[in-house]
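Some notes on the structure that comes next.
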Amino acid sequence: MELTSRTVVTIVAESALESRLIGDLQTAGVPGYTVTPAHGAGVRGQREGDIQGGNIRIETVLPHDTAVAILSMLQEKYFSHYACVAWLSEASVVRGEHF
Amino acid sequence: MELTSRTVVTIVAESALESRLIGDLQTAGVPGYTVTPAHGAGVRGQREGDIQGGNIRIETVLPHDTAVAILSMLQEKYFSHYACVAWLSEASVVRGEHF
Amino acid sequence: MELTSRTVVTIVAESALESRLIGDLQTAGVPGYTVTPAHGAGVRGQREGDIQGGNIRIETVLPHDTAVAILSMLQEKYFSHYACVAWLSEASVVRGEHF
Amino acid sequence: METTSVVELAIANLLSPPVLAFALGLLAVAIKSDLRLPEPVYQAISIYLLLGIGIKGGVALRDSSLQEIWLPIVVTLILGVLIPLGAYVVSSWFTRLDAINRGALAAHYGSTSLVTFTAALVFIESSGQFAEGYLVTLLAILEVPGIIVGLLLASRARKGGIAWGESLQEVLSGKSIVLLVGGLAIGAAAGSVGFATIEPFFGGLFTGVLTLFLLELGIVAGRRLPDVKKTGWGLVAFGTLFPLVAGLAGVAGGLAAGLSVGGAALLGVLSASSSYIAAPTAVRLALPEASPGIYLTASLGITFPFNLIAGIPLYYWYAETLGGLIGWN
Amino acid sequence: METTSVVELAIANLLSPPVLAFALGLLAVAIKSDLRLPEPVYQAISIYLLLGIGIKGGVALRDSSLQEIWLPIVVTLILGVLIPLGAYVVSSWFTRLDAINRGALAAHYGSTSLVTFTAALVFIESSGQFAEGYLVTLLAILEVPGIIVGLLLASRARKGGIAWGESLQEVLSGKSIVLLVGGLAIGAAAGSVGFATIEPFFGGLFTGVLTLFLLELGIVAGRRLPDVKKTGWGLVAFGTLFPLVAGLAGVAGGLAAGLSVGGAALLGVLSASSSYIAAPTAVRLALPEASPGIYLTASLGITFPFNLIAGIPLYYWYAETLGGLIGWN
Amino acid sequence: METTSVVELAIANLLSPPVLAFALGLLAVAIKSDLRLPEPVYQAISIYLLLGIGIKGGVALRDSSLQEIWLPIVVTLILGVLIPLGAYVVSSWFTRLDAINRGALAAHYGSTSLVTFTAALVFIESSGQFAEGYLVTLLAILEVPGIIVGLLLASRARKGGIAWGESLQEVLSGKSIVLLVGGLAIGAAAGSVGFATIEPFFGGLFTGVLTLFLLELGIVAGRRLPDVKKTGWGLVAFGTLFPLVAGLAGVAGGLAAGLSVGGAALLGVLSASSSYIAAPTAVRLALPEASPGIYLTASLGITFPFNLIAGIPLYYWYAETLGGLIGWN
């Protein structure tokens, strides 16, 4: 079985951002994404999440370049004011054309 | 502390498949698995998930060979007709015998 | 964009442990953590989780040393008696000072 | 109620809170609201409705004699076979779908929709009409055969056939059947004395809870509407015309079996409605090649709103008119 | 009720189950209990309350003439502009917050709190008082302008301004407005005959469900209390004194517009209460630099408990006293 | 009710909707149905039941004098110490479990089960019997001591002992105690006038909601049944015989303390039932070596169904018979 290497971007953000983030990810050209409900704490502490249903965790598997572009977009639009963190990791997939 | 290297298989699929997928994973000999509720979108767009509770995200940590065998199984039985994606990544564990 | 390398610790445990685990993670000095609800099965089979809301999946991104220290802490306090597994993986982040 | 015009019936139906809430749900999608009933609450309400309707049916069933009920059951079983056959054939007149997708449609239209039935029940009750309590039994009976016939039709076109054991097990042990049949048994065992203790919950709240549920179903249906354009007008024609015929068959069969006007109207609703809980799950697993974008859109995006808004009063009017012709009531 | 002393009113309010449940929620946090109402159930209850109160208002609205209602509407719109302006100015007397954070506060205090209104409604009803049904219309009307004015005030200080299209869309299609306005329409269309079918659910259960909801809100508010210390006494002063003034403005405006004592008291509650559903979401997205630790703490940690425990009977007493002065009954 | 035979009582109990729903839950597991009540709804219902029963108890408590209630409280405290000691000893006769696992069992059987109590209350009420309202106070009192005694017994065998501070904090601030005690306080403060406003929710719906809850508990218990085979017949014997004795002790103690027949029956139920909410959490955290496969299987898989199906009418019959012997009515 032929495996292709891809990058996983994992984003955790306050759930009020869900539709905006998804919109921006789609603009950036992600092939797909998966959202799970979450809660947590970071260095910045308390936020609106307290009432409005906590955080969301978004995961998207895609080519490395798009992943880096997404990180830049997040840094520009989200990191400074919103409760939002993100990290990259490596993955392998079959059906590389799908991702 | 001695770390052993293992592979993580992450599967995202429509939730109607949960019991079948778990059954097939157990047949493939996974040492354990973790399921979280999820939703998302992929290249194939809308599916039954819309009514029946979205997607599930399954994660299982196991030896590399089993991981590859699972990908083949998924490719054969799930990828073509169902909303289902999967990827592999690397991990280290203590207590290698547990996984 | 400058990427810094970090380690992700993923812990899956029965949900009754949530507040204790979080407390111990904070003592170990994690910069943040994300919790998602989960369920699953492992080699040890059935547990209290059956009634009390399943498992939780905790993810925390941090420097490698802290990650290893956390694994030791888990091994000492949780692995032997509780339904609890954990694994490490590698990640890259921007804003290294945040993690 | 006097013999009423179909227009009056339609207006009374349209102005009932459940139907208005459904419309609000459609509207919420149109204005891109993020309003949703949380999934676990949606699931809990569907359990409440299924169990509640089962229990009430069971209490009524206890007072029915086998003599009274066997003919309606036979008629229902016949409808359960004929309707999916009809859907399979008729869908080929309106669309270019392949046999597998038409089998999937047949499974949905052959089975039935709890919520449409429930809304019809509320409609009948709130207009002071009578309907036999054992109609719920017929609801439970009509759930399954249509799915089986639909899958049978599709399986002929499918290489590899269908994993029947697995599929049947999934339908028969699915929550719809377990709760309806289980509720019937609970109601029959507890009787009206036992029911009195739970009446405030399963009885009094029923219409209100249904209103909340239809709000969410309006949202779910509204999200399907964009797909209606994609699937084409043939499917719209099928999804509205076929129920008109199936509903007529149900009403006629019901009257022939000796049901009251209200009862026959409900059997018409059962026949005309298409499943959106049991059938989609079964079809998704047994016929993965069938496109949910077709069967769910037809069932949930076209036929369900159509029946809720226009069908229910119409099938009642069928029953009243036909019943009048044959000298009923 | 005879003209009652403010103390008696306060005691009656404090001993009502919803307020007691709120206190239990506060206490649960104090003793570090892990008690929480699950999030999906919390969401579902807020949908229930919004829709239910909308529908009941709609039923009442149907019987109101435009003649009777236009003046209260105008007064409400004026309050909707003046109160956030007032909050913006007054908050600068008590705190050193910058314009963006004061704009955020203005958006919250200019808008209104469903639950405070609901608790006041229960208070008025259970003490046998009358209040015009169309107060719910005023609730819906007062939701939005305050948020807009607050964002406007903040946007002047914000480089880059505000994405107005997006923000307005989010407020107007948010669940508060959709359910309140939609509920009003459903109630007006269904009328009291239609409402009768859902009364056991949306009417009878209302106070009980509110009790459960306030238990959770007590927990949510209790978790905010530690922040009150961090934000300083200036915010506490603002969060308790400003409502006293805004409430007086609302009561006076209401009486001037011809509302009954009960109705004027409710308009006082609407004016004095600050939003914790619609405004926080809008502010979070449109003004990310504003600190939720300030606006949520003020709105949810200070003003909400204050109104619930002390404000509601006080605004009623305002209305009774002022109403007496001007010769109202 | 006339002095009734134990068989008639048993049948009345078996045919009540809650018990039938429990049986349906067991059946659903047997046929491998995927039916489940969603977790958040399950949690919300348990909050509803705890708070509701607390409030109703508080309303009743308000009318009780200390004189009337002190002796039952003392008896309850004695039972709270003796029953876990008994469970610790008796379990060694039937099983080969070590001291830690027997301590865990003692904590469960020493504490009590809200749902069993609730079902018994419904049983008593629906058969027209009287029971003192302050029995809920006894329920709250009996929750905790049994857990402490059980942990004490186990801790002697455990190297390192137990983190008492943490464990006690977790039990006392757990939702069972907070809601029961908080509910008692709310009920006592609000009184019957305040309760009237929430009666439709916490009163009228109670049995219906309990029915839905028992459906889910039937499923949960059913999933434990396969473990019963693994744990062996000794545990089955313990899980059915011990409650028979503990129930008798409770009934006798209740009658001795001057409770009515209905009240003594309820104290019997409290004594015979074993905890499945508070105790499992406490034991899991304080005694991780104890196997949940043993204590949960015994408590939830054996004793809970046993009490629900056979125990409740039996303990009532105990009370009636014993009460007759000592000349009670």
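When the chains are written out, they are named A, B, C, D, E and F in that same order, and each has its own residue count from 1.
Please note the rule applied: a contact is a pair of C-beta atoms (placed from the backbone, for glycine too) under 8 Å apart; a residue touches a chain by one contact, two chains touch by 3 or more.
Listed by chain with UniProt protein names: A, B, C = Nitrogen regulatory protein P-II; D, E, F = Na+-dependent bicarbonate transporter.
Being a predicted model, the structure only gives us computed values, none of them experimental.
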item	value
Shared chain contacts [chain A and chain F, defined touch]	C, E
Co-neighbours of chain F and chain C - touch as defined	none
Chain whose mean Cα position lies farthest from chain B	E
Chain D on chain F, rotation in degrees - Cα superposition, rounded to nearest 5	120
B-D against A-B, pair bridged by the larger set of C-beta contacts	A-B
Interface numbering overlap (same over half, different under half) for chain D and chain E	different
Reference chain C; chain at largest CA-centroid distance	D
Inter-centroid spacing, chain D versus chain C (mean Cα positions, whole Å)	47
Whole-Å gap separating chain B and chain C, where each centre is the average of the chain's CA atoms	19
Whole-Å gap separating chain E and chain F, where each centre is the average of the chain's CA atoms	41
Centroid distance [mean C-alpha coordinates] between chain E and chain A, Å	36
Junction residues of chain F, two or more chains touched	34, 38-41, 43, 200, 204-205
Residue list for chain B, restricted to those that touch at least two other chains	36-37, 89-90
Pairs of chains in contact (touch as defined earlier), listed by label	A-B, A-C, A-E, B-C, B-D, C-F, D-E, D-F, E-F
Residues of chain E that touch chain F when the two form their complex	15-17, 20-21, 24, 27-28, 31-35, 37-41, 122, 126, 200, 204-205, 207-209, 211-212, 215
Sites on chain E touched by chain D in the complex	38-41, 43-44, 47-48, 51, 55, 169, 172-175, 178-179, 182, 185-186, 189-191, 194-195, 197-202, 204-205
In the complex, chain B residues that touch chain A	10, 12, 36-43, 55, 57, 68, 71-72, 75, 79, 85-90
Residue numbers on chain C that touch chain A, as the complex places them	1, 3, 6, 8, 31-37, 59, 61, 89-95, 98-99
Residues of chain C defined as touching chain F within the complex	14, 16-17, 20, 45-48, 50-54, 81-82
